[in-house]
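Labels A, B, C and D are assigned to the chains in the order they are written; within every chain, residues are numbered from 1.
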Amino acid sequence: MVNTAVTLCGLPLENPVIPASGTFGYGYEFAQIYDINCLGTFSFKGTTLAPRYGNPTPRIAEYAGGLLNAVGLQNPGVEAVIREELPRLREVFHKPVMANVSGFSVEEYAQVCRQLDGEDQVGWLEVNISCPNVHGGGAAFGAEPQTAAAVTRAVRDVTKKPVIMKLSPAAADIAAVARACQEAGADGVSLINTLPGMRIDLKHRRPLLANGTGGMSGPGIFPLAVRMVYQVYEAVDIPIVGMGGVSTAEDVLELMLAGATAVGVGAANLVEPCACRKIIQDLPAAMERYGIQQLTDIIGGAHHG
Amino acid sequence: MVNTAVTLCGLPLENPVIPASGTFGYGYEFAQIYDINCLGTFSFKGTTLAPRYGNPTPRIAEYAGGLLNAVGLQNPGVEAVIREELPRLREVFHKPVMANVSGFSVEEYAQVCRQLDGEDQVGWLEVNISCPNVHGGGAAFGAEPQTAAAVTRAVRDVTKKPVIMKLSPAAADIAAVARACQEAGADGVSLINTLPGMRIDLKHRRPLLANGTGGMSGPGIFPLAVRMVYQVYEAVDIPIVGMGGVSTAEDVLELMLAGATAVGVGAANLVEPCACRKIIQDLPAAMERYGIQQLTDIIGGAHHG
Amino acid sequence: MKQVTWTITENTPLTPDTYRLRLTGDTEAITAPGQFVNLRLSGFYLRRPISVCDWEPGAATLIYKVLGHGTAAMTHLPAGTELDVLTGLGNGYDTSLAGERPLLVGGGVGIPPLYGLARRLTAEHRQVTAVLGYNRASDIFLVEELHALGVTVRLLTADGSAGICGLVTDGMEGVNYTHLYTCGPEAMLHAVWQRCRTDGQFSFEERMGCGFGACMGCTCRTKYGHKRICKDGPVLRREEIVW
Amino acid sequence: MKQVTWTITENTPLTPDTYRLRLTGDTEAITAPGQFVNLRLSGFYLRRPISVCDWEPGAATLIYKVLGHGTAAMTHLPAGTELDVLTGLGNGYDTSLAGERPLLVGGGVGIPPLYGLARRLTAEHRQVTAVLGYNRASDIFLVEELHALGVTVRLLTADGSAGICGLVTDGMEGVNYTHLYTCGPEAMLHAVWQRCRTDGQFSFEERMGCGFGACMGCTCRTKYGHKRICKDGPVLRREEIVW
């Protein structure tokens, strides 16, 4: 019998599979299709201080390797999440959940994390720093080490829960950003968020997404995720949640060999609602195929060769 | 009758389709399959001062959206290119050709361009600044505006031919790099080069490419190319050669609407040897479908909407 | 919502660019007319949402128009092809509000879901009128089938090549109805909404990431807050719609 | 090189993981045994290179082993499927150098191209010996067909479950040959190269971007400079090989 268990920032996971934020809502839709307690955990929809409608539609476009989204962090705001979503979530999911946090100022991040810190079921805070800094000319917090570190410190101060900083692939040097997060007190990093892209509507001669650009996700960004996880693994000592285009159990192994301790699955959930259950079911056979007894043995395994 | 002609840095092109450097050799292989004089022009394999073997094999890997390559600029060196390749090329291609130049120091770029400047058939110099700067800690020249400008100036000084700077999508701010190139005297920019990625060999638990990372190309990077061409179009006044994942006539229109004056086709040539001929053949019908009389009318057309 | 495999039994053109797809397989999850399915097509990442035109236990009919690459690829699927389908998506039309004389207003490929609706409404012995708008005579489909159900059909074409020359709103003139059901392009829905003098149900389209409520890709604003077209719609009540 | 469409007439397992694909279509571009074709598979970006096992005007046979996702997908292609093929790739073996008693050494899926070679060599009335290495008895294929051509076959398995227990280099012992032709995994080629006492032709594999010389994806170093396995190979002469 192979062993799929891993430990993420001190908390055990039955397996490393984590539906990625924004593709799994608060779990209910999926709980109607399968028992989501088979998951390692899941990361719920990005939460901001105030409720957000997000961007106008169309918010979704397609490309050969997956989809682009410009949802724009639609969410009911942290208070409604705590008051309405978490109690409902508790009914269908009985493990610690990952809370995904977004913000447009350092203070907003800290404020949202402070509020979520009081929630028992929240196991980890995943802090999405791909958002534009309204006080910084619109550049993303995750673009530079300094701003990433500033958010990390602010969040670190307000919570005892493990803090996982979610990095953007648009950073000039993602390894440097990861290192800065670690130095500022992060317990882990997760990567990659979506990659900014664009499609154009030939008929109307304008960007297809109302927002102009949207984030690319799906199998088309998988090699980018592998490369970045590999680079970040060499730069930090804290665990990595790897993600970007994962669709199969073999993809999970590939990201773990690159350096991931756990693996997020995003877009795949949208087109294959049972994707994560299937990946988890396929993991033991895939491990046996490659002579893997314990998943923990292969974390970063591609760096020794 | 629709009109597919465009002008690139003062030189007319029958149509905007340009096989991209590294995927078309010096044209002979393709000349055996079709008459390559139907092309707008083509960009020949990246040329360095000294001959280069390139990287060890495996140099090629696959992903859902295309391929990764780590060829590593294999080429016979500028002297052999001038002595042997260009005379042979002349026999199969009768239009001005684009010379793709690489280097590992500012001086190398200038030296190669100086030598190519004397070649009549060379219409444009396309200067690939994705290469690591050996005097600059290995960061690519194209990563920062300053180093990109330094290469541009050096090359500008040694040639009267139009200089097109080829930008890397790994730059933190590709629009800023493009602007710096324009200010330093570039006549045009081309983008995007491949995006660094990685695949891991599960059986051997090491990166699949001998070089570790390789450049992603193919349809999986198309929305990234569209986004970057769109951004660069707003930042510069010089023409853009757009590329990255183009496989169809509609893709050509999409990149032109984003802001490209001409369009490079790379990976598609490798899996569909007649890809460029087919794209050129399909262009008039695609133009009619979208009510386009002259291709020049739609350059940057998605910015007005 | 249910993930099932359906087998194509027929894929025939009804007009030069509109096809009827008949399929067999589990249709249990479909409970109301106006619901839709989301089809996985080989070579495309996203599924394609198509309304259920008609269904019975073990079989369903869809009607689709060739719009882009995905629907173009669909035309090449031969009988016997198995499709991966998410079925029973969306809320669908509520027939309990129809009253005695419901009016159905459809434009182009907004018409298919109205067929399943009409079948249920006529089975419930209501007097159904349908105002159907097409661009031209060669685009017409489903009219005979609606006639056969006993529906009073008012046919319009934009170019006057068949039926009355005009838009569906012209066709609505003088009809005395108790409730309105409609589906079609957004501009048509808006015009119909402005003309509508009763309560009504409007079916919307939006680009979708998932089709089952997970991604917030298809959100719209309503009087009662944000709704997901795929899960809380595609059918919205007249009074809640914000244009 | 030529781009053609081939139609599958047969796709049958010869062993649990090795399949024979028979196809019909234009084979004009194939001029020598040891050449290969590059197959486009739906759902995969890169083509898959497979050696021509045998061919005649209008028909070809390939033998492939399931190695990864692409070859696994190939096993599901039914007769009648049309494949987009780049044919006539690579240099192939030169039979003019064979001498009277050529020796063929093949391991696993390196064996298929040796069949076409053996057919030509026996047609040229040479005395052909083939040393064939497999992992185990259940992996064996093509042996009877080679016998039928009049080839003297020495069969080896690594686990001794059929033929002689050992590697192909063991099987080469005592054979008196005029020229050597070989194809198989690189480690085998190297061992055979070290044992080979005549001139010889060695067929290599490499991961390929294009398969027709355009991308420099498959370059190797030889005594006479850099060569592309796909265009200047896959067959290299013994003396030029640099390990």
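Basically, a contact is a pair of C-beta atoms (placed from the backbone, for glycine too) under 8 Å apart; a residue touches a chain by one contact, two chains touch by 3 or more.
Chain-to-protein mapping (UniProt): A, B = Dihydroorotate dehydrogenase; C, D = Dihydroorotate dehydrogenase B (NAD(+)), electron transfer subunit.
Keep in mind it's a predicted model, so treat the numbers as computed, not measured.
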In contact with chain A and chain B alike are the chains none
What chain lies farthest away from chain A once each centre is taken as the mean of the Cα atoms?
D
Suppose each chain is reduced to the average of its Cα coordinates; what separation in Å results between chain C and chain D?
56
Give, as an integer number of Å, the spacing between the C-alpha centres of chain D and chain A.
46
If you average the CA atoms of chain B and of chain D, how far apart do the two points sit, in angstrom?
36
Two or more other chains in contact with one residue: find those residues in chain A.
61, 63-66, 218-219
Touching two or more other chains - residue numbers and ranges from chain D:
none
Connecting every touching chain pair, does the picture come out as line, ring, star, complete or other?
ring
Give the pairs of chains that touch; include all such pairs.
A-B, A-C, B-D, C-D
Applying the document's contact rule, which stretches of chain B touch chain D when the two form their complex?
22-25, 29-30, 32-33, 45, 53-54, 57-67, 69, 71, 74, 218-219, 267, 269-271, 273-274
Residues of chain C touching chain A in the complex:
1, 3, 40, 44-47, 86, 206-210, 212-221, 226, 231
Residue set of chain B touching chain A in the complex reads 61, 63-66, 68, 143, 171-173, 195-200, 202-207, 212-214, 216, 218-224, 226-227, 230, 245, 250, 253-254, 257-258, 290, 298, 301-302, 304-305
Could you list, by residue number, the parts of chain D that touch chain C in their complex?
42-43
